[in-house]
Amino acid sequence: MAAHYVAVIGAGSDVAPALLAEAEEVGAALARRGAIVVCGGLGGVMAAACRGADAEGGLTLGILPGDDRSAANAWVTVAVATGLGELRNGLVVRSAEAVIAVAGEYGTLSEIALALKAGKRVVGLGSWKIPGVVAAGSAQEAVTLALGTRD
Amino acid sequence: MAAHYVAVIGAGSDVAPALLAEAEEVGAALARRGAIVVCGGLGGVMAAACRGADAEGGLTLGILPGDDRSAANAWVTVAVATGLGELRNGLVVRSAEAVIAVAGEYGTLSEIALALKAGKRVVGLGSWKIPGVVAAGSAQEAVTLALGTRD
Amino acid sequence: MAAHYVAVIGAGSDVAPALLAEAEEVGAALARRGAIVVCGGLGGVMAAACRGADAEGGLTLGILPGDDRSAANAWVTVAVATGLGELRNGLVVRSAEAVIAVAGEYGTLSEIALALKAGKRVVGLGSWKIPGVVAAGSAQEAVTLALGTRD
Amino acid sequence: MAAHYVAVIGAGSDVAPALLAEAEEVGAALARRGAIVVCGGLGGVMAAACRGADAEGGLTLGILPGDDRSAANAWVTVAVATGLGELRNGLVVRSAEAVIAVAGEYGTLSEIALALKAGKRVVGLGSWKIPGVVAAGSAQEAVTLALGTRD
């Protein structure tokens, strides 16, 4: 079992190409560190992070809102079809020890809030400015802030 | 079955007396309108809102994070011991058609975000300033904003 | 807050009239004992139990599978629209200290199993014969078995 | 993403060695068919099935009741720390297209019932005799019954 699980959260659609590239690099950097990428399993930032991790041979966990596993993006290694709707956001947060938010809207905000409530490290890349969120200037910095110097 | 369910959310402890008084008046005003007060069932803002509703003969629904019903505050009419932890925040939001946030911290923020994501009306009384939250200047105004002119 | 919460579980449709009458009497007897009737909020056995409780001035809690509160039967005092699908069965069980099963199919069986797993008293009226389920011969006996001599 | 997800369910402790050997062979046979083994992530039958799958290079998904990932058995590839308690049983069932029950107690029975309710194939190896459960005489037969002739 991998040592670290980090959630990468953000919007599922209408994401600017530059942000998608950031999310993909976040996923890749996490995989290179041996971390499992946890996400909501759908498109946009989630798919980009999974694609990045997959390209580096990493594992990805997609925790889907619906009960149909086929909704998962193509780079999800293991999918959980929860059927919980937005309540699955809480499972994304619980399954991870740190969270990296790439931009994002209300769903992302709910995950940021739940992670901060649980005392988990939350790193933001162009995301909600909420007290407690640590801002990163690049994908690499985000991953370093999320994982620290742990192996 | 009551026509309207409105969630009153906010911190469970360390709440300033003036805010507790607001929360109590919100609960009372909701009860006078015939609405059921939905909350997380614990102390602070939740207890104040329930106390206000109870004093007006209203019904209150407490959706608890733990699996022990006895944790509910004394003014909860019907308690649901979910054992879901903070994921119960999502059920508080789902059970209500509108949300009134009185101050609040990260848990409250997660509920605000989930309610906005679901397209529900969110009214804030000295709470988080998030785009989409409608600010109210008093308990009465908060209830009017939450329920509108509906009966 | 009422002292006792008892779940009444069973099929939501295609229930024989004699079983519906039993469920209604179970609800009525629980209400006369001051207990809150917890159920899945829909039709069949659930509606009959709520109707019985309501006729005696009791309170009923309907924990719905969908996220639309209007699906609750007309005798639900307070409804929780969970949007959890069949996972809400676990909340029905958690919210109650004892369970009375009136006939029922697979959904009911899942609730019986979860209640037994949690060490709760499960009383059956013409329901699944599972080791640990206490069989009752009448609605009155079922309620006495569920609540014991507690007030 | 693997084509098939099959849940292997059963008791987490006090399991007879012969049943553990069956569970391990079920996991191994599933992995050889390319299926992901879904389970509750803990010991007993769950650990045995994961061990078998892992030995064949298969992937395993452990959906834990608690919120501490370190409770997962050593052969879980990806763990979800749900914090939902026994409600996570419903997620085990939802995540799989078929279920193989090896012996098991009340928790297993709740999963069998939820799977049958959802119309999923349930295969039993020395497990609960519930109408709808298809009995298998060996691990190989159980896997064939669960997956059919699908690739």
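Just so it is clear, A, B, C and D label the chains in written order, and each chain counts residues from 1 on its own.
Throughout what follows, a contact is a pair of C-beta atoms (placed from the backbone, for glycine too) under 8 Å apart; a residue touches a chain by one contact, two chains touch by 3 or more.
Worth saying up front: this structure is predicted, and the values here are computed from it rather than measured.
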item: Greatest separation from chain A - chain, by CA centre; value: C
item: Between chain D and chain B, distance of the C-alpha-averaged centres to the nearest whole Å; value: 40
item: Distance from chain C to chain B - Cα centre to Cα centre, in angstrom; value: 27
item: Where chain D touches two or more other chains at once, by residue number; value: 67, 83-85, 87, 91
item: Touch-based graph of the chains, sorted into line, ring, star, complete or other; value: complete
item: Chain C-facing residues of chain D, complex; value: 84-87, 89-91, 105-107, 109-110, 112-114, 116-118, 130, 132
item: Complex contact set, residues of chain C against chain B; value: 1, 5, 36, 59, 61, 63, 67, 69, 72, 74, 76-83, 91, 94-95
item: Chain C to chain A touching residues, read off their complex; value: 67, 83-85, 87
